[in-house]
């Protein structure tokens, strides 16, 4: 028992609710929201330390032994993601302080933001399939509200699509839950793992695993990413950034959890399919990323590429692949939020998202420019920045699994990523400077802090990878050894 | 014996429900359909009652009362909407 | 056309609402042992309020019940979470419920459970949300 | 019964899907609501039906129908209700602002 | 040895400090002076290693970076890396010295320049002194990135950005391919250490991945060293400031590929594939570069193509030299070692003469404002020193005595002639091509060298075409090329000093120990008798001179080759086609249409789920455990179906809502039938409230489109197929899941709920207690929805948006 | 014949009668010509049918299980209370939305009355 586990869920939940009660006091809301996310982050770090020392932490909610109650379990994988979530969320929040606008602030932006984090954290922690659904819903509903917050034309239009698609995916999730309950009769992930292993993952169970694969693909944007470009380009920058940083990751986390803990017996079917889906996703994402001269579109398609690439690591089902995926997942969360923040800033400065209409920003905004450059390199996995190790190990994993095509596609798309993102850099920052600072539509006042924070982290994660490598190793080992998780959940 | 009678009763009820559904589909006017919905609700009360007897359980008595309440509310809402175009009104003086 | 009056509806509503309220409260409390519980009780309560809205108009009802239902919902969730957080004090896992039987003067042997408190939260959240949604939509023209 | 229910549920899904594939927002919402019924019934069916009495202790029943699916459905119903409410309001706001309820006209390819 | 790590670190530290220095000192002093110290001191420091290295020692030093994954700065210095290290720092010092005069401190963003330059220098040093292949990759990409930044130093120019992008795309592509190769290598050998990999040669040779990984690594080397057909980026890279062209794009960075090939020679050498790829591509590049150089009108472009060609030369030498590994050591084979020696020798020579040539061209550009050969001419009288330097450089390049280029050129001829006599790798049949191609290329080399000198300095002075009147450059700009030019001459006269102290130790890294251990014929001498090579050279000079004189007659031949088939066009149109093609593809499926998206989703669902059902053991049907069915249940089912169909075919929205309501009630009855009272209650209330919500929203929602025309739902066959498909899969899945129940559900535990949780209603006990957290978050969801609806309705930025648009 | 069996028979008979009445009302719902006439069938007779059924159930549980259910009584009361109101409202809304009367209807009193009122006002 470790009540720490519930705190990442409860802190933002309670604080968010309290903030609803103090709707008018926006300063207080700012302080409280930042404080609660920091607190969540602190808890997550604490969990990481405990994971490091004592292994997987569990909490049987309400004291009901698994598999009867709901179990929360934090292994290193979860804890790492939790920590990253807090950092990303905090940065986006700091960015929002200056940019989100008073109307949105007084209409519950901060509470709903915290609610989103609640859902995300819950999804990372839960060890129960149905509770995962509930946490997803918390996250999704908050994202619906955030996406439509403000009710501009574009927001509403994209919200409609986003909500419907996610509604369908929720239904399908429930369908999957129903099937698996019929066959295995339990919902606890660890228990599922035990029973699936006991029964042998026959045709039916494999088929059910594919049901879940589709469900989570929809959430993670694995091949079924059609909703993503629209909905990530509609809301204000801070919200888009937090979406880009967190939402798809939760879906990916679910795929990882399920296909390493429960359905890992038939990798030549399930994981190969994941690999194929990942490859197609990467290719389509890369095609989309090079297709347009619009910052928002380029960035959103880059999110899609990231999804495919991380999945390639899972497809390999090897320790190297897992290590790579964990590294890359962390990197991806940070870097996606970062480039969305910078991209949004560029758009607000120039008042357009079209590359052909902007030029020479580096003269007036050198720091922004160089941070974008760093972010761009990190995004493409150029060493020694954060994406590098992930890229190397995922590629290594796919090669070890003899999926050479998969690793090859991954590397090639990273070139296209670089191409697309450098297109932004060269168009927006280089070239003749037309806009003087007075003519700019927005300003960078006060928003450089979160951007710098994330950029610093992207550099640190690459150069100082040793600092987290032992944690990542632990996470990857945890993913490869489901029995550790099971043992922790069921106690001794 | 009792069971048979209950089955016969439920048979009649299901027939009435089907009749109501027919009316619901056929219409022709919207009030007809609302009425059919109301009738379905009322018949369902009876169905639940009979099932309770058949299963010899009192677990569904709440359901009986609730169907009554809700079909009333539903009907009123529909009627309101049909009559005024709005379900919940603002003060009329305004 | 002359405005239709609602005399019949309103007189019946008065009775019906009382019945529904009572029934909701009954559903709420019997939930632990019989079908019902916080959620249904709460929604029933909300249904009664809806009935009031239907037969009267928004302003009339609001004059009599001037609550910010958003806050009701929020407080409800807070109560529910609060019962969970209570377990922290006893070093028990989050959301551990406890129950015991007491001999109270009037009610006789009564079971008191923290789960009931949780249910109160559920009910409040449900009522708050349902009414908020209904009211906000109908206020929008 | 389960097999029959499965077919019924499949039909619900088919009808719902067809509605979702139309262009009108309202039909889409109706479609989701039919699918949601299908989903709930599916969970219940998959839990095994009529295996015993209602899951209430204190009656004479010895065996009970599986209570977990019921609890799950309850949660699911509420969440679906919540989502539907939001979706409904969202649609009508979208209609008001964009001026159409035809999703084909909400493509957004034309740049604003 | 800790200093070895520090010398790599110092440039990076400098890169960080430079901007600050710039801020403080730029008004007073050119910050190049500060920067100059760094490469110079490192150069001096590296010189101190020559004695011990030439004695056959090597040095290692370990700096931990990511020890968990064995990715460490495992520094390793041997002859090869020392040669490169000296080149990097030596030429680096001269280039910085030159740049102080070349770049004005008033007009240029010097801090950027020196930051990039220092970054590059550090990366390059790291590259040559690293033993860990992943670290090599890290530095490799860093050099690409800094080259990208340096090429686009004048980022306002469109051409600069174009060149930068091109070089980045190609070199990073190569880097990625190399990385893939490295990863395969590390999988095979289970190490990242270059030396350990080399020691497992047999394992690698026997592996099935041998050929692919070799190709991948070679692509990396070829892109960096601008080998055909990846050479196209180098001419465009000439948009960089001339010091950069001299440094990166002729002396150091482009040699990284050479370095890599040299490093991997012990691993891959001795196989036919390696031999043919390296020497074949090399000699092809040699030809391609030299032929193309002749037609250039821009002096820097000419030098760029010349660089390409010279790099090809070195590459082919490395390839030929690798043949020795096939034989192992014996007396006969040792003659091929001359190829390897020539490679290293020419590497050094090329850096000297090409460096000085670039600097001279820079001077011309700087002092006349143009580098277009057509505009230049007759500069001899204005710029005599530059002319001298140009002559030295060009004649060395053309392979004329008394310059070092002559020596290495002669050795090259020896090598190709020897190679044509090889009896392995099918050389006996087509080996004769080697000397032929080499000779042709040399003729062209001679021609463009002459063009470089005599078209600019000879002929008529055309002052009108120049931006400013020509005059001799300041002394500071002349010193660096002068130093290089003097080296060109010195190396000719004392080649063996160089050979003994630097080249032989470098060879030790390439070739097996036995070859270098014995003092074989490695003496480089200017005079080696009247042999084939000398005749070839004489032929080159004669034919070359004739060709140069008749240049105007045959230069038109170049335009015969259609422009649209050049590699550059291919690249440009490829890129453009990629973008437009990508746009076409993406626009095709990203229509923004919700219906289309739903069709994709459902299609994939049918496809995957349906496919899953086809898995062995997936689909099964077993009705034996099914609960009994009563007629009335069927009746209610029928009613439900009827209600659902009514929704589908409803012509008016009210009918649809009423039918949905009826459906909800009937579902509730099913809950009753299935013994779920709580569910029935909830379903009823929720249904009613939902219906009420629908009605509430109807006020704001439009009627069905076709309502007025009294037409129902439009019929689309695709929709029907998809929806039936979804229904079928769901059903089949449900049936098989129902038929393959493997375990008893865990729910029997809850039958003790009264004892456990004090509740008789098990469902309620599960909801508030066993799975209370679900419920907690569920009401939380509800609350968020409440807030969401509230904000959706109350907060309307769209209105303001419209107003703003109207303004 | 024990009270048990007797009560059972009474209860079941009541239920059966209720159901038959409901069925008859359903027949009315299908057969009658317009919404106003159908509302008679739907509200009056089906209310009666439900009442009988519920009463039967009530009796059954009192005697068989010894369970006196307030909820059932309340249900009976509630249906009694609300059924006429809903019927009334439906009919009124039907009239207000100009649903045609069946041709067999004798005459429309309200129309004339409303017309008179309108002329007055």
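Just so it is clear, A, B, C, D, E and F label the chains in written order, and each chain counts residues from 1 on its own.
The rule is short, and it goes like this: contacts are C-beta pairs under 8 Å (C-beta built on N, C-alpha and C of every residue); 3 or more make two chains touch, one makes a residue touch a chain.
Listed by chain with UniProt protein names: A = Na+/H+ antiporter subunit D; B = Na(+)/H(+) antiporter subunit F1; C = Na(+)/H(+) antiporter subunit B; D = Na(+)/H(+) antiporter subunit C.
For clarity, every value in this text was computed on a predicted model and none was experimentally measured.
The chains touching chain A (Na+/H+ antiporter subunit D) as well as chain B are C, D, E. Fewest steps needed to get from chain A (Na+/H+ antiporter subunit D) to chain D, stepping only to touching chains, is 1.
Measuring from the average of all protein CA coordinates, the nearest chain centre is that of A. Counting C-beta pairs in contact across B-C and across B-D shows that the higher total falls to B-C. Using mean Cα coordinates as chain centres, the one most removed from chain F is E.
Chain D has its Cα centroid 25 Å from the Cα centroid of chain C. Separating the CA-averaged centres of chain A (Na+/H+ antiporter subunit D) and chain E is a span of 26 Å. For this pair, chain D with chain E, the centres built from the Cα atoms lie 49 Å apart.
Averaged C-alpha coordinates put the centre of chain B at 70 Å from the centre of chain E.
With touch defined as above, residues shared between interfaces to two or more other chains in chain D number as follows: 20, 25, 28, 42, 45-48, 53-54, 56-58, 68, 74-75, 78-79, 82-83, 85-86, 89-91, 93, 97, 103, 106, 108. Residues of chain A (Na+/H+ antiporter subunit D) in contact with at least two other chains: 13, 17, 20, 61-62, 130, 134, 137, 141, 144-145, 148, 151-153, 156, 160-161, 164, 168, 175, 178-179, 181-182, 187, 230. Under the contact definition stated at the top, the residues of chain E that touch 2 or more other chains are 592, 594, 598, 673, 675, 677-678, 680-682, 685-686, 688-689, 692-693, 696-697, 700, 730, 734, 737-738, 741, 745-747, 750, 760-761, 763, 767, 769, 771-775, 778-785, 787-790, 792-794, 796, 798. Counting only pairs that meet the touch rule, the chains in contact are A-C, A-D, A-E, B-C, B-D, B-E, B-F, C-D, C-E, C-F, D-E.
Residue ranges of chain B in contact with chain D, taken from their complex: 55, 57-60. Across the complex, chain C meets chain D through its residues 33-35, 39, 129, 133, 137. Against chain B, in their complex, chain F makes its touches with residues 8, 11-13, 15-16, 18-20, 22-23, 25-27, 29-30, 35, 38-39, 42-43, 46-47, 49-50, 53-54, 56-57, 60-61, 64-65, 67, 69, 71-72, 74-75, 78-79, 82-83, 85-87, 89-94, 96-97, 99.
Of all residues in chain D, only 20, 25, 28, 32, 35-36, 39, 42-43, 45-48, 68-69, 72, 75-76, 79-80, 82-83, 86-87, 90-91, 93-94, 97-98, 103, 106, 108, 112 touch chain A (Na+/H+ antiporter subunit D) in the complex they form.
Interface residues of chain C, counted against chain B in their complex, comprise 3-4, 9, 16, 19-20, 23, 27, 30, 34-36, 44, 47, 50-51, 53-55, 57-60, 134, 138-139, 141.
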